[in-house]
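In what comes next, chain A is part of two complexes: it sits with chain B in the first one and with chain C in the second one.
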Partner chain A sequence: MFELILSALILLGAFFTLVGSFGLYKLPDFFMRLHGPTKATTLGVGALLIASALYFSFKTDYISMHEILVTLFLFITAPVSAHLMAKAAIHIKIKQVKRTQNQIK
Partner chain B sequence: MLETTLLIAFACVSLAFLFSFMRLIKGPDLPDRILALDTLYINAIALLVLLGLYFQSALYFEAALLIAVMGFVATIGLSKYLLRGDIME
Partner chain C sequence: MNLLNKIFPHPILTFVLWGIWLLLNNTVAAGHVVLGLVLAILIPWLTSGFWPEKVRIRAPFTLLKFLGIVLWDILVANMAVAKLILGHNKELRPGFFYIDLDIQTPLGISFLANTISLTPGTVSCDLIEDRKRLLVHALHIEDIPATVKEIKERYETPLKEVFTEC
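Right, the complex of A and B next:
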């Protein structure tokens, strides 16, 4: 049972990491591309880290805190870096697809 | 069961690496390349976590934490450079 939960979390995490990077490759516009890595990939890595924390907490007797530290750091820094990248893109007036809303003037 | 799952997960994360790397090479503008680098370091953290599970060693998390900190600082620095033409004023 424990192995089943662990496997489900690992598969979910790997799948969302793949979806995020595929979105980065496939989407047509920088502001659309920003969605993939900052949401899907962060969720995927979060699921992988939770799986790892569960595994090492049950393998040894004490709670494994390393993974929680990495998760916390990643969840705090991902929005900050996404915000700064979007600001830089607006500043240099990046090319946009016609159907993106709120075009840069 | 866990072995098979880990192998599938390795395949998925490697494919994710490939997609990000293709965007890094192709990316028409500089913010695209910064975003691709950002994604690459997050993928590297995922791969390190999977390696830690595969080899059953807790040694990989220090490396993952270090990569997380360094990658964040690199992304901020590059974005600031595009924004102001200078990193520290």
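Right, the complex of A and C next:
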């Protein structure tokens, strides 16, 4: 049962991480590509880390909680780096898809 | 009180540092608890010159409720974005829009911007006009005014309650 939950979490995490990376490849312009790594991967990495915390807490003698830190750092760094890249992209006027509403000139 | 303020210029930072130290070492052994506490008191004290304004949390329960809502929204947003990514590119209607900010504290604004990036298919791109407007890019947006209203009601109102000028 325990293994089933762990494998479900790991598969879910792997799926969302894959979708995030796939978005990076597939979406048409820079700003849209930013969405893949900032969102789809947070849940992916989150699920993987929960699986890791559960595994090491139950399989070893001590409780493993430092996965929380990874989540925390990820939640702080992912949006900040996305923000900086978007800001830089606007500044150097990277091409936006034609159908973008309210294009920034 | 004044002396206490001098020793603990940033009580929240002290607690956070202490927590992070224990998590990094992945232990609650007595030695690390003491060493962590010493560092958590020393570091804010030595660096207080770099942090001129004091962080104050007004309504801790509102903050907890807000964090709960955000975690749930991250879950939902992840599903939504995964669906958008796996769908057809042609159906996506990306767009930029501005949010006029009511919240004025720097920490509140950074919380709001990070929340926007982590949740509903939007990434915050730029803070302009002296912290008055936030530029946001959405992967797929149909009704801009409704989205702005939702972000303001769902995220900005509780954050404004929590982080106030002092």
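Here is the rule we use: the second predicted complex is superposed on the first by the 105 of 105 C-alpha atoms of A that agree within 3 Å, B and C clash if a C-alpha of one lies under 4 Å from a C-alpha of the other, contacts with A are read in each partner's own complex, and residues count from 1 in each chain.
Definition applied: contacts are C-beta pairs under 8 Å (C-beta built on N, C-alpha and C of every residue); 3 or more make two chains touch, one makes a residue touch a chain.
Note that the structure is a prediction, hence the values are computed from the model and not measured.
Contacts of A:Lys39 after superposition: chain C is touched, whereas chain B is not reached.
Contacts of A:His66 after superposition on the shared chain: both chain B and chain C are touched.
Of the two partner chains placed around the shared chain by superposition, chain C is the only one that A:Gln101 touches, whereas chain B remains out of contact. By the touch criterion defined above, A:Leu6 lies against chain B but remains apart from chain C after alignment on the C-alpha atoms of chain A. Of the two partner chains placed by the overlay, only chain C lies in contact with A:Pro28; chain B stays clear of it. When both complexes are overlaid on chain A, the residue A:Ile92 reaches chain B alone and has no touch with chain C. In the overlay built on the shared chain, the residue A:Ile50 is in contact with neither chain B nor chain C. Touch criterion met: A:Phe75 reaches chain C, while chain B stays clear of it.
Note: residues 20, 22, 34, 36, 42, 44, 64, 66, 69, 80, 87 of chain A belong to the chain B contact set and to the chain C contact set alike, using the contact criterion stated above.
For chain B in complex with chain A, the residues that touch the partner chain are 1-2, 5-6, 8-9, 12-13, 15-17, 19-20, 22-23, 28-32, 34-36, 38-39, 42-43, 45-46, 49-50, 52-53, 56, 58, 61-62, 64-65, 68-69, 72, 75-76, 79-80, 82-83. On the side of chain C, the complex with chain A involves touching residues 20, 23-27, 74-75, 77-79, 81-82, 84-86, 89, 92-97, 113-114, 116-119, 121, 123-126, 135, 137, 139, 141, 144.
For chain A in complex with chain B, the touching residues are 3-4, 6-7, 10-11, 13-15, 17-18, 20-22, 24-25, 30, 33-34, 36-37, 41-42, 44-45, 48-49, 51-52, 55-56, 59, 64, 66-67, 69-70, 73-74, 77, 80-81, 84-85, 87-89, 91-92, 94-95. Across the complex, chain A meets chain C through its residues 16, 19-20, 22-23, 26-29, 31-32, 34-36, 38-40, 42-44, 46, 62, 64-66, 68-69, 75-76, 78-80, 82-83, 86-87, 90, 96-97, 99-104.
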